[in-house]
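Below: one structure in structure tokens.
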Amino acid sequence: MSAYSYFPGCSLRGTGAAYEESLLALFHVLGLSLTELEDWNCCGATSYMSIDEGSAFLLSARNLALAHKAKCRDVVAPCSACYLVLRKTQDYAVRYPAIGAHVGKSLAAANLPALDGVRVRHPLEVLYNDVGADRIHQLVKRPWRGGPVACYYGCQIVRPYHEVDRDCNPTRMDELLNAAGVPTVEYALKTKCCGGSLTGTMHEIGVRLNYVLLKEAVRKRAQAIVTVCPLCQYNLDACQAEIRRGTGERYDLPILYFTQALGWVLGADPEALGFSRSISGQKSIRQWFSTATEEAKAYV
Amino acid sequence: MKPKVAFYWCASCGGCEECILDLAEDLLPVLDAVEIVFWPVALDFKEHDIQPVDICFLNGAVRTSEQKRMAELLRANAKVLVAFGACAQLGGIPGLANLSTARDILETAEEATGSDGDHGLPLPELFDTVLPIDRVVDVDYYVPGCPPTPKIIGQALTALLKTEVPSRHSVLAPEQALCEECPRRATRPETLALDRFRRVADTIIDENMCILAQGIPCLGPATRAGCEGRCIAGNMPCTGCFGPAPRVRDFGAKALSAMASILAPTGDDEITDALRDLPDPAGTFYRYSLPASFLTRKATP
Amino acid sequence: MFDPDDIRVGVYVCHCGTNIAATVDVRELAAYGAGLPHVAVSREYKYVCSDPGQDLIRQDIRDHGLNRIVVASCSPHLHEHTFRTATAMGGLNAFYFHMVNIREQISWVNEDKVSGTAKAKDLLRAGVRRVAMHRPLERGSIPIHPDVLIVGGGIAGIHAALTLANAGKHVYLVEREPSIGGHMARFDKTFPTLDCAACILTPKMSSVKNHPNITLWTYSDVSALEGYVGSYKVTVTRRPRYIDESLCVGCLECIDACVYKQAKVPDEFNYGLGKRRPVYVPFPQAVPLVPVIDPETCIQFKSGKCKKTCIEACGDRHAIDLRQEAKQEIIEVGSIIVSTGFQAYDARRNPYYGYGVYPNVYTALEVERLVNASGPTAGEVVLRDGRKPQTVGIVHCVGSRDENSNRWCSRVCCMYSLKLAHLIKEHTGAEVYNFYIDMRTPGKGFEEFYQKLLNERVHFIRGRVAEIADWGLDATEEGKLVIRVEDTLAGKVRRIPVDMVVLSTGLEPQADANDIRRLFNISCSSEGFFLERHPKLAPVSTFTDGVFLAGCCQGPKDIPDTVAQAGAAAAEVLALIDAGHVETEPNTAYVLDEFCSGCKTCVGLCPYHAITFQEERRKSEINQALCKGCGTCVAACPSAAIGQHLFEDSEIFEEVEGILTYA
Amino acid sequence: MPEPFEPKIVAFFCNWCTYLGADLAGTSRLKYAPNARVVRVMCSGRVDPQFVLDAFAKGADGVLLGGCHPGDCHYQEGNYKALRRFKLLQQFLGQMGIEPERIRLEWISAAEADRVRTVINEMVETLKRLGPRKAPVETQFAEAS
């Protein structure tokens, strides 16, 4: 099985720690080697990209160049924002000679190699293409004890690039989870906005957007939302208390990473999957993901 | 008085001279009919012995400055100049030297002989490009073949000694291709669709069947008749020594076209595969005619 | 007075107005032409194809004893014929002419005049060298078989068939569905007049059935075609309908008698909105009115254990034959009209519109059936759950004018959307919203119809719909389909809750258009519709002589245009038949016996079996009638013993020489 | 200073697909490099390898053959014959020191005007990179003698 270079980015070392834990655990049970990119730096996403594009490109170009220097073809970026900005840099450096020159010059100055030959990958697409739904199905170790989930893809991994999945109506997360025995619901908002950083800047709007997502998920009888992006996960997870207060509607949904769901089903150590870090839906999480009951069952 | 005749060879193996002797007893009437005044291969003649002749049979291609000079000299002294044999007509086997350069050839030779290239005596210059006679001097008639067969020679002589001679520049051999007189003609299927080409070396050739039909590139369809299919009789494919049919301008191109046309595969890779055992198109289709072809020689910087 | 062996070429450089003159220095070119070997006269003229232009050529042939003509102008595909005729009028053999294409090949594709003129000189030089080699040729002529094949029994095929049949020609009309009628048979009303489609179509359908000059084969496909203009040999495969057309009287008792008391099978004609039995007619006015038995669903075919009540019902008519097999019909025709129509865009390809996900998202064709009195709901516009819709949204340009699906405008959607808006309002009184990019109503009475709709208080929102989904933000949206769209006139994003969505899907080529195209040896435009010979001057002809196009297989069009085009195709066919024969291009290959060694290389190469080997003469021989002039045998002949008129080796060698040698 | 090298391409286009494609390029006013000179033949199957070699011998820098797509040949299978001859010919040209890029066989339909432009432009670029063909034989002989 090929070796992947791992680009955590800031989120997976902060709010998205559960993502990192579950990702590593999942890749471990799948026997995929994931080596952290040495001396990686900020991907250059969001604020940089909107304030000083040039520097943003340089930041992510450096990461790609490091990967190339380390002779690894595939850089796995779990955070959607990281994924997009790395992918975009790679694309723009080719498509726009000016940017290409700018990047090339700086890399040369830091005597780093060019960007070519490096592929930016998202774990969802790695699991879908390199492992495949069939293999996942064969590897199932535990039954899914939770209810149906809504797969929420967010915006950045499907637009404007389509390597991860189709831009409208992506289905690969659904396919993988179904193959693993996790039921999913038809969720029309799967690529709608989670508010992104608005929850920080224009709070009410951010919260409202999350309210829409939760409301629809519940209406579709989903008992959890599964995400691929630390920011989506955080927004949906953290907003619920406030939404409960604001609307009086009782939202308490687990907001999981797809790596957590798959990790559980494929038999990874639950402790290593970071469930304890969730804010909302703790009750369901305890019910669904406790091995105690599982062992108990083993006796009867 | 008898017409005076000269024989001379340029770049050739000597086979063309041999085949004059191969006329055996048929040679005698020839000797009665003509007076041979210049024939360095048979008797001791020097350049200064060259005298005006009625017919000069010149075999071999031109690849050295000396051969060029002799060709010019003989042309000047001959009423009728006959390019005799494949080398004279098309460049022949020596013509394959056009796939390399004089320098390559000399270096290889010196390597092989351990010579330093200094021969201590003035040698004629070796040209990069081997040429058929008619690219050096004007030629009146051609007698094809490697070598020409007794029958062809006999016919040529009688034709030339007649009072009304054949039209100038003509090739003194039949107008059609070899299939016309091929002993296996009848076994040639009307439709050929070869899955691939095969090599003589690793094929057992059926003695009674059209050789092309067995997948061996036989150039009979492209080659002028006149040899009575001697190679075929020896169970070997025709390699084209009698040269192109009258209307053909580039022997190899036409042969190549015909051979490619009777392949069956349509896919890119299948075709490549079908051609696997035809690794040397130049040597296969231009064995005797590279210097007389459109491209004449390999392009060299 | 002039020596015929002395070659005297006349060169004519055309300005084509400014089309050529703008990017090729025509004066310089003509002057250059004058200097070329053999050229006796070299002129430039504004429009050489015009009458005075042609007169010029004729006059010069007489005055200057020209015996070769070269015209440097447009593509030979456009005017070669014109100039050959002019050459002939001048008293020369028409094939002492050669055309040099300096418009499509140079002036229209080249930027600067210098390189353009240089290129033109090369091509002219090549043309002059080539024409010197030309030899006089005689055109052959092929008789035209008077019978006609029409493929596709939609309104186009029907109209063409009737036109030809009324002119006394025999027509074979082949339709793959069980009934003719095509898409039009499914429509309720037609825009902009709102006259009932059935009322105008069904009479035409039945006269097809009853016309003595029309042989109608439905449920059939053209499976093979050979031959050429004038005499095509066509193989038609007639699929078994398990009911003998000659014995069936169309009483339909077999259908009522079927052991299936309830119709269970989703019926194709109504796009699955209705149900049918295993034995069925697609619709009441079907032509021929002969049921079909569908072996996929018929119990007898599946289990062999059916009471066969249908056969009982049929009684002594004995029309039902469950052992019927596919039958091949082989016919001879002289010309062919291809009218195989279109298929509607598959709305599933735009997942964000929710077709196939939300039951109340319909395609326009489905709604055509809903509003149709003879449709599955007997003209009731109701949702799948039986409710009458209060609000309906009609989304234009689904699968049209879209980089991600089809780029072209389907031409009819704006108008049929208006029509459906009107009909839905009429049937339900619902609020109807049209979501459009541009309203395109360029047709007789179209714009007026649009105005009428505006006055009927139908809402028009300019903007491409972003998404249709069933999630609501508030009570007003609960249980509705919400259409999200940017209203580009109001300049804001709107959410419009509706009960029913109608997707105005575009028109695209039939799924098997490529097979049809290959069968009839015609080309496709890049979007896959069949390619006409010339967009303006030969809109119904193809590059294959004797094959013509009608209807939407050539491109999206409405009923009036389709019928007009069908008429045009019929007229072309009539012209062909009444001429009685066509002249053929004398570009056939021929064997030069004295050089043929009988090697047989050519024999197997000919796709038309035009080459035969004459055992007694031991030579190949090419049948001039069968030869199509591809020249592949010419290239293959190892002794160059095969020539090709108009494309002789010598002519092509001269052309190449001319291109590459600077005279 | 010497003029920039402008390669000369001899193009043999089949009457029914590629030639029409070129016509369409014209009517669509697509601009492309002026280096190609088109010889019209009825079918790519008519192209005799002699024509190609003659063109090279007479100083063409490249030869382009255009035919209908496989399965679309107006004459059913002429293009397959062209493909077989082309592959063998290309192999021979290699032996004669002529780079494979100098001869190109392309399937271009009557609708693919843009393909005509792309192919010709590409080929011109390639040939400019390769530079002019090596000196034709006559001069070599002149030097030699």
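All chains are identified by letter, namely A, B, C and D, in their written order; residue positions are counted from 1 within each chain.
Here is the rule we use: a residue touches a chain if its C-beta (ideal position, glycine included) is under 8 Å from a C-beta of that chain, and two chains touch if they have at least 3 such contacts.
Just so you know, these numbers come straight off a predicted model, no measurement behind them.
Looking at C-D and B-C, the interface holding more C-beta pairs in contact is that of C-D. Once the centre of each chain is set as its mean CA position, subunit C and subunit D turn out to be 32 Å apart. Computed from the mean C-alpha positions, the centre of subunit A lies at a distance of 76 Å from the centre of subunit B. Averaged C-alpha coordinates give centres for subunit A and subunit D that are 52 Å from one another.
Averaging C-alpha coordinates per chain places the centre of subunit B 57 Å away from that of subunit C.
Under the contact definition stated at the top, the residues of subunit C that touch 2 or more other chains are 605, 632, 635-636, 649, 653. In subunit D, the residues that touch at least two other chains are 48-50, 54, 77, 81, 85.
For subunit A, the set of residues that touch two or more other chains is empty. Going by the touch rule set out above, the chain pairs that meet are A-C, B-C, B-D, C-D. Taken in their complex, subunit C has these residues touching subunit D: 75-77, 101, 103-106, 108-111, 115-116, 118-119, 122-123, 126, 518, 521, 523-526, 531, 543-544, 587, 605, 607, 628-632, 634-636, 644, 647, 649, 652-653, 655-657, 659-661.
If you check the complex, the residues on subunit D that touch subunit C are 8, 10, 16-17, 19-20, 22-23, 25-27, 29-32, 34, 37-43, 45-51, 54-55, 58-60, 71-72, 74-78, 81, 85, 109-112, 117.
On the side of subunit C, the complex with subunit B involves touching residues 592, 594-601, 603-605, 613, 618, 632, 635-641, 649, 653.
The touching residues of subunit A, when paired with subunit C in their complex, are 166, 168-169, 186, 188-189, 212, 215-216, 219. Residues 65, 68, 99, 102, 125, 127-129, 131, 135, 248-250, 252-254, 256-257, 259-261, 263, 265-266, 268, 271-272, 275, 278, 280-282, 285, 293-301 of subunit B are the ones touching subunit D in the complex.
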